[in-house]
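Right, one structure below, let's go through it.
First chain written, first letter: the chains are A, B, C and D, and each begins at residue 1.
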Amino acid sequence: MPQRRATIERLAAFSDGVFAVIITIMVLDLRPPEHPTFAALLPLWPTALSYVVSYTFVAIVWLNHHHLLRFTEYPTPRLIWINFAHLFAVSLVPFTTAWVADTRLAAVPVFAYAAVFVFVELAYLQFEHHALAQAEAQEIPHRARKLAKQRSFLAFGLFVTAMLVSLWFPWCAFGLVCCAVLLYLQPELPGTGGLA
Amino acid sequence: MPQRRATIERLAAFSDGVFAVIITIMVLDLRPPEHPTFAALLPLWPTALSYVVSYTFVAIVWLNHHHLLRFTEYPTPRLIWINFAHLFAVSLVPFTTAWVADTRLAAVPVFAYAAVFVFVELAYLQFEHHALAQAEAQEIPHRARKLAKQRSFLAFGLFVTAMLVSLWFPWCAFGLVCCAVLLYLQPELPGTGGLA
Amino acid sequence: MPQRRATIERLAAFSDGVFAVIITIMVLDLRPPEHPTFAALLPLWPTALSYVVSYTFVAIVWLNHHHLLRFTEYPTPRLIWINFAHLFAVSLVPFTTAWVADTRLAAVPVFAYAAVFVFVELAYLQFEHHALAQAEAQEIPHRARKLAKQRSFLAFGLFVTAMLVSLWFPWCAFGLVCCAVLLYLQPELPGTGGLA
Amino acid sequence: MPQRRATIERLAAFSDGVFAVIITIMVLDLRPPEHPTFAALLPLWPTALSYVVSYTFVAIVWLNHHHLLRFTEYPTPRLIWINFAHLFAVSLVPFTTAWVADTRLAAVPVFAYAAVFVFVELAYLQFEHHALAQAEAQEIPHRARKLAKQRSFLAFGLFVTAMLVSLWFPWCAFGLVCCAVLLYLQPELPGTGGLA
């Protein structure tokens, strides 16, 4: 029994470490401009924009991850591997964020950006499925569970649409990604820690 | 109840991870000089100076963060998001620190440096407001609470003044930032863990 | 007694931090391509391939590490130092991963890649030996213990073979490394947290 | 009371995070050589050597840090600040390590390398003094305490000597640093977790 606790605690601690490093190494791409003028800051806007969106996305992912792990008592080997796949998907975010910023929201990089978000959502949906299977029905109200699921699928749909749209209208696709991220920022809805 | 504990513990663990990465990636900007002489170390002084100030600032922010979190029993979704905003502001410190160092304390970079500190303070004041709202009145003596607030506002005023002054007298502005940081180093005052 | 707990907990926390940083700094080598085209992504395949293999390997190492630490009640100084040697070996993975990727699986880099995996396995076998010496016999079923040991030796053999083969057939050697990694991915076998 | 626990736990968690990042970002300086040959690995020996010594040094510092923190029940503001000074000193290790490696153990870089070790030891001796002041006399046997102190002073003396010698005989100074590090590797002596 204490050994099971150890597993879930170390899984959380390790995941927290990975999230913390991912969310902060993105800032390493915010290289200071060469000239000490306000004008020199202007060309940094694509970097700044994609950094803000990616930071918010990783924050949401962490929130949902921590939320789900609270219902997990016995991490099965399968759940641990889904968690690694999930963290792997998240670890690609700094790469696509830098590409989007470097190319100033060009078509293919935005496609890759949205594709990584789709990958993260896919791994997350698997993670949710396995984590909640353990939670007893009464622990999470039926309505909260349904709302959380609806939101997950809506966000997933928005990311897929963004991916498809990106090759013709990269800006529009980036806007869709932002919408999906904003969707999660409503604190009154469950799934953003609203059950905490 | 154990689930609520999980939330506050993981919030602390994740924040600690972010603080730890931020405070140490700044050292990556301390690139070794090309020549193996004492003279080669000299041009590094702006980097060293800004590194010391930023390190101390992040240390203070961590101290206050940990201090406030001790009074938080039930992290609301709002508090979690204020915490993310707070960490986001702190994650900009390495960027402005590098800019100040690269340009040897030029006007606009010092402005940006002070602006990030103002942003951190704003997020911190929000964080303080929400975290202490939960703490029962008797937990923190009235005088300690008042002193902590006075100091927060004084530091905030110094950072804003530094921001305004920086465009004309960057060195003077940097000095004001140092004063605000030194203000927090008095251990006899509460707020620096003095209540620990 | 509470002091002993502190030791094992901090050893786990520190190791988790190191694993988290190692597994995520490899992503820093995934530099975005210059051109915003799908074709520009193609030359990244050696980087992507070696990143996936190394990520999976570190994930397995973490799993086994966490698994063993659950049986450790009293970390002796010797065990702590074996743990540091183990972490040191793992910390070389990003270096050889980058070399393999940069040279597109050339002979010597693949040799170094396999050699680091052999080094990690050697340190792990030592770690396993010392950690399990403390666990009482009934805690781990005899069969599970035997299967875990057989697998460790099989993986070790594959890594050594990969090392020898690499100088003539680097691709074949890389395939052997992949086989050894896949060997650990069977969740029904003990040793991948299957006892959790 | 639970609030005091929170302080010491978060201090340990934050310090662990900083140690974990410092010990692993040094590996970022192990850049893969351009050519895929064994000969290309040879010029990396100063980097490899200084990496091994610095890794071992940080491992020892972590061991002593964790050892002392076990005797600390009530971290005073002063102790927290000494801890920050200690971590600051350790955070300079990757910088001097890279300089020593880049210049292949030139005189001034080895001087700076030894100077940072002296700085770490000074902060550690302060940390030890304040942490042990809280521990009751019977908790640590008199002999263990005395041996630990003797070793600290011997190591400190070796680091200072290395600093002085380095400007004329950098190799000799580097050897002295290695001796001081090896001094801590004897597990039968207390101070390396021997009391665990």
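As a working rule, a residue touches a chain if its C-beta (ideal position, glycine included) is under 8 Å from a C-beta of that chain, and two chains touch if they have at least 3 such contacts.
Here the structure is a predicted model, which is why all the values come from computation and not from measurement.
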| item | value |
| --- | --- |
| Copies chain C and chain A - interface residue numbers shared by over half, same or different | different |
| Cα-superposition angle relating the copies chain D and chain B, to nearest 5° | 90 |
| Distance between chain centroids, defined by C-alpha means - chain B, chain D (Å) | 26 |
| Rounded Å distance, chain C centre to chain D centre (Cα mean) | 26 |
| For chain A paired with chain D, centre-to-centre distance based on mean C-alpha positions, whole Å | 37 |
| Residues of chain B whose C-beta touches two or more other chains | 13, 16-17, 20-21, 25, 28 |
| Residue ranges of chain B in contact with chain A within the complex | 3-4, 6-7, 10-11, 13-14, 16-18, 20-22, 25, 28, 74-78, 80-81, 84, 87-88, 91-92, 94-96, 98-99, 102-103, 106-109, 112 |
| Touching residues (chain side chain B, partner chain D) in the complex | 12-13, 16-17, 19-21, 23-25, 27-28, 30-34, 36-38, 40-41, 52, 55-56, 59, 62-63, 66, 69-71, 185, 187, 192-194, 196 |
